[in-house]
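One structure below.
Chain nomenclature is as follows: A, B, C and D, assigned in order of appearance, with residue numbering initiated at 1 for each chain independently.
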């Protein structure tokens, strides 16, 4: 059998099988069967490579290629279950299989000694299975199922240390918050199904482009599209549903790296990219909403990131920041920029998380106020973190620079100078807080000698993935150049590989490129100025604008607003519903019908004499009456 | 009246009288003996229907085994000591129902238009019957044997004495 | 065809059968007494006729002339019908029993099955006799007899079935013709052994005379009978003995054939059948004179736990041989091996019987309990 | 030969007697015996129809064999139940065993 795109179903099958095996027999295996999980990860990556080579041989017009089976088939409802591969899928697959494998490997070091070691890998396998299914699904229903699958895995893994109350709370928060978006997604899917009678993505896109049936109605289409986006926003932590992601850092760091940086949170980006033709066909307001929410998210997260002191949380806010950027790109119809950022972000953000995980693993401390000067103790971790942070900040020629550049160019194409300026400013802030966190954690004087003495370099199984990801962070941005792409076997640069409507040949825009580079360097330069020494200049700024500092420090009071909303609105409404349920549905409806049944039984029980002859007589009488009736009818 | 008809009427009388004895006799053991009479007469009826094999099975199973077990059960349940009232209070109803059924079935049997020759039965050779039983009906046959085994084990478990009895 | 008229023909055959039955029973009674007497170093009957040959006739006359007593609490109909219910099936089995290739009343395709089925009905008569007599010993004997007969009928039939499988027929003449040179006892020694044991039990002969044991139930179901009714039971018993012996010689010993040629004339056929039947009868007499009586639980467990599995084994082996066309020697080896096994079982259980009571009985008897 | 109707009428008579016995009798063993009567009636019908109308497949004949088999199993099991009931409640009269009553 030629291993190629038609065998894409193998990917979830491998990990799914491993999951089932680990679930059933994991506890009988040595080391909880982690070697199986690593093997499955590597196997998926190998299969991915085959699929990639196959894809390169196929002309773009014949994509996507896949395979489907009948899932549900009866009169009026035919659902096909299928997997298919196209360019966007390939980018996602690259991130999921490659970063996934590395993180599974990294976890064998990070999670060592945990009492639920084997269970961790079991759920990890389930997650990768769901994620691969999500990415490969050719219809919205399967996608939705996988979407919920990654959601439940996220819940399980955030709450992995559920003995800790905060972890359990965070898991619940993540699950419920994303569910709010998911409900929107489900309604959106149902709306599309109602309009087209199919769940198939390509058919829906075609119907939307040609305005067939109900989709010809602009309002209907826009509403459905926005509901889809609600799901994407929930999963990808866009304002106002971003509140769960920082709390999700309660999970083990590999989980944060895999799920809450590289893969699951970009599912929203993937979904919007996938459905881009639909967004384009809908009212422009849909894209405007995407852009606007992207900007709000970027600024809120950047501002909060400036004042956070937990190393993982800062990285988490930077993730929200990056996701906002991707949605800004999508709002400008630039799938290329979004997917390029997604790819490079997958590498450097996983790198950042794993590096901070390495720090936490070594020091058992997350607060930067107790860290500092770690670079001498943990050189590999330190340098890889530095490169990741610089890539995140967007320093040329690291991968983040090129990706961010693509987004800015896309905004420029939109001819929106204000947005361009805002985006450039966000680049500046990003550079500041990324620089700050690296500066506070790794440079300067150790603040807590106790922690400092404990610090040591992590084992090779953890640093090796860091080095690999660092290398990719350094070079992966270059695939925007046509030459690099062709050297790798692609038709050209990234823009000629993944695009919406028209292939984009990369050309460097000097004004934007130099401008953003200046913003980055300025931001980085500001870091030692404000936080050098004991950081008194930063304090001074904070005291100068106390209200602003308080607002940012408290994350714009989002959680509190939600709490008030819950208390004042949701609980009151549910109280009313509960009263209705208890008194009307239960007491009258359920208990009432039971009462009627009981009364009827009480009255009817006298028929039961317990006398066998009576029962026999009833049977015989009935049968003979039937015989008599049949006889009478016959003659 | 042919010789077969004479034999039929004799056997039918035996079967009928036996049946009447089973249901009307005031002595339980007479009932059982009447049952044997009826069963043996029915075996004769089977022979008239040229089903000799079934007739012999009937004699072997019922004459040799079933009725003996019934007699056994009577002796073990001390049938002689039981109250004289053999019939329950609903016997008039039972009689009515039985008569209605008898009338219906008789009228139906006599007045129906049967879809074939009702005068001449075909003799089915024993070898054909055996072939059919062990080829075409082999699975039901095995199932029946399984049922028999399970029923007998169940009977042993039920009737066997428990500890302390 | 003996006579041209079929009815007359049938009548003559039936009468011949009745005559044979009566005569053979009387002879057998005399022979048994003589035989057992010899085994026990006695002379046996000597007074009536030369060497006591007329003893049976004298006994028959005595029985007929005796008063026909009936206990007044006995159930009249059941009591009086019981001898017939025992006697008639024995008589009916004669109908399909061939003595030579030509001498029989009626030969059926299902002859063997017919004999086994009909002879089973006589149990009812025994139970009727036991119950109708309104006597505790009689009832106990009747129940014992019923249990014993039902239990041993199964291995009896299964042992016959082994031979039927080899002959591929239930027609007794076919079965005899099937053993032209080699009688089935060579291929089915186990079947023969099981048949013999089960037949002993069917006949209430030692070691299976539990239902009629004088020392336990004082004659069992027949305790209250006298005169001609008792004679009918007696007649039926010896008829059954004859039938089972003939059956054994037909099914296992080659009937009227002999190893050096199966085209014997009627005279030679008669000689052979009489010789073989006499041999079987002698075996039954011998068993009666030799074995001690078993306990009822030993009797039941021997049937269900030893004979039944062995006969099933026999049938399975026969089926395998038939279906896969294995050589006949397999039959001999397997059946012979199983026979040896069965004989060892019997030997071992006899040995065990001679041991003192098992521990569980003695502990119950010697258990010390604090008094008061 | 004998017409089919003869057998059918005989079967009907036996079945009616069985019905009467099942409904009227009190003792469980007697009820069982009546059930046997009904089974005999069914068997007569089965065989009669098989030999008159269905000589190629003779399903009725096969069924009669199975009915006899199952009837034997039924008798064994039912009598065991009767014995158990008698041992527990000292009666085998079905109208005295009414513990299933409300």
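Please note the rule applied: a residue touches a chain if its C-beta (ideal position, glycine included) is under 8 Å from a C-beta of that chain, and two chains touch if they have at least 3 such contacts.
It should be emphasised that the depicted structure is a prediction, and the values quoted were computed from it without experimental measurement.
Q: Among all chains, which one's averaged Cα position is nearest the averaged Cα position of every protein chain shown?
A: D
Q: By mean C-alpha coordinates, which chain is most distant from chain D?
A: Result for the farthest chain: A.
Q: How far is the middle of chain A from the middle of chain D, if each middle is the mean of its Cα atoms, in Å?
A: Roughly 71 Å separates the two chain centres.
Q: So the centre of each chain is just the mean of its C-alpha atoms; given that, what is the distance between chain B and chain D in Å?
A: Chain centres of chain B and chain D, defined by C-alpha means, are spaced 6 Å apart.
Q: Between chain B and chain C, tell me the centre distance in angstrom, where each centre is the average of that chain's C-alpha atoms.
A: 28
Q: Taking each chain's centre as the mean of its CA atoms, how far is chain A from chain B in angstrom?
A: 76
Q: Could you say which residues in chain D touch two or more other chains, in rising order?
A: 19, 22-24, 26, 94-95
Q: Would you pick out the residues of chain B that each touch at least 2 other chains?
A: Within chain B, the residues that touch at least two other chains are 57, 65, 69, 72, 88, 90, 93-94, 97, 101, 105.
Q: Judged by the touch rule stated earlier, which pairs of chains are there in contact?
A: Touching chain pairs, listed by label, are A-B, A-D, B-C, B-D.
Q: Provide the residue numbers of chain D that touch chain A in the complex, in ascending order.
A: Chain D reaches chain A through residues 19, 22-24, 26, 94-95, 97-102.
Q: Please give the residue numbers of chain B that touch chain D in the complex, ascending.
A: 4-5, 8, 12, 15-16, 19-20, 22-23, 28, 31-32, 35, 38-39, 42, 45-46, 48-51, 54, 57-58, 61-62, 65-66, 69-70, 72-74, 76-77, 79, 82-83, 85-88, 90-91, 93-95, 97-99, 101-102, 105-106, 109-110, 114-124, 128-129, 132-133, 137, 140-141, 144-145, 147-148, 150-152, 154-159, 165
Q: Hey, which residues of chain C end up touching chain B in the complex?
A: So the residues of chain C touching chain B come out as 75, 77-78, 81, 108-110, 113-114, 116-118, 120-121, 123-124, 127-128, 131, 139, 143, 146-147, 150, 153.
Q: So in the complex, which bits of chain D are touching chain B?
A: For chain D paired with chain B, touching residues are 1-27, 29-30, 32-34, 36-37, 40, 43-44, 47-48, 50-53, 55, 57-58, 61-62, 64-66, 68-77, 79-84, 86-87, 91-95.
Q: Inside the complex, what are the residues of chain A that reach chain D?
A: Touch residues, chain A against chain D: 605-606, 608-613, 616-617, 620, 624.
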